[in-house]
């Protein structure tokens, strides 16, 4: 089963729907099970100690899960996050992009669950790991 | 046991340590067990549908837990979030401040746990509820 | 709005539906927003160090959330847990009952969210705190 | 870096330390990053609808994380669970073993984080996914 939206279409969707933040994110790859979304780290994502803030990492995980789900069900659905649990394990370097690696665990009619691991680009260590649930509104 | 930092001291701490974001937050109240921290909702916190974004609510919960812990242990500690689980239940109105009501569940030597409920100002319904763990570095 | 099931009715429901475990639990109180459910600690709930096991506390939180929801919607609904996040903060004493204090945060058509704090009977300190989401199947 | 305990040693450790439950679990495999632990499903793990209970799956995830950590640090450490977030996605069949696939995300001096996916034996679909944090007491 092919995806409903490819990286270019997801990027165009971000531009239209999230004009405030779309420049923060790069849709690197997406398929039926996984995605890779990068955060272009800039000044306002940083915290003392020259590291990326927790809310920035949360926001990246949230966008990655959202785009992975939309890639499967198309742009029309108004999916909303209902739950996120995130573990912060290592401090990101401030001078590298951080990348969310999403994995679709479940795509049901009403709920979708995605696992996300965040890493600095080019570094295999997991900085943060999250599990997110999205509620998918009924068609109609 | 009195708090180590009152609302004015916590506000001053935010100004110094988080210059990018301190204007977003108002420290309304803090004591040995609880705190109330408001998010002054502005354009960049909003999402389509005229609601406050998930990362903004996450950021508010995170700051509220942080300040509640610092109020107990003082400004010298470099506490970091290790885990957050958050349930999003209702969409905030965009034209009201949202307020985090923090409750200290545990203040140990190494770990502190805080429960946070987020509500729109003047509305008793819980918009989002989070539990956060902070790691407190050893003294010395 | 009155509850659909009182403590006696919830207890009777447990006897019928969970014959393996109903004797573990006492339904102490329930109303439109809260419940109190006790775990009668016995040998198989214990762990080395004379404390109550994590899975026993998880099970208590899960039953408390379930009964609090059923009290509102009646026994016919086949609600299932979709998410639980639980923080373990203090070791329970093995010689006291532990009590789950549930609070209904949201009762929607499709999802319900409950916060649970677990304490030893007669001790105000929180041993564990959980947030649980239940999926409520559509009527049919 | 080799593990400190192999499957036989972990099994022997379970026999000694958890006499009530050791027969429930089979240590199938363990290395420096991963483990596979099976739950031998029996009557008391079941729920109406002929499925495995949530607390049984939680207990399996908890044991799997514990054994994966002990395999790295040896049997002397008294590690305790401080947090678990678990998503339940599909109902397990009652007539198959369920297997926890653990992955070590972080092994720090004070905290370890493990991701666990639970599947029915021979079925690739994820039934439940958890992230657990253990506190590792200081040496000495």
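The chains carry the letters A, B, C and D, assigned in the order they are written, with residues numbered from 1 in each.
Operating definition for what follows: a residue touches a chain if its C-beta (ideal position, glycine included) is under 8 Å from a C-beta of that chain, and two chains touch if they have at least 3 such contacts.
This is a predicted model, so every value here is computed, not measured.
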Which listed pair, B-C, A-D or C-D, duplicates the contacts of A-B in over half of its pairs: C-D
Equivalent interface positions on chain C and chain D, same or different at half: same
Chain B and chain C: spacing of chain centres that average the CA atoms, whole Å: 28
Distance from the mean Cα position of chain D to that of chain C, given in whole angstrom: 23
Computed distance of Cα centres, chain C from chain A, in Å: 33
Residues of chain C touching at least two other chains: 82-83, 85, 87, 89, 133
Partner chain A, residues of chain D touching it in the complex: 85, 87, 89-90, 105-106, 108, 113, 115, 117, 126, 129, 131, 133
Touch list for chain B against partner chain A, complex: 17-18, 20, 43-44, 46-48, 53-56, 58-59, 62, 80-89, 91
Chain B-facing residues of chain D, complex: 82-83, 85, 110-111, 133, 135
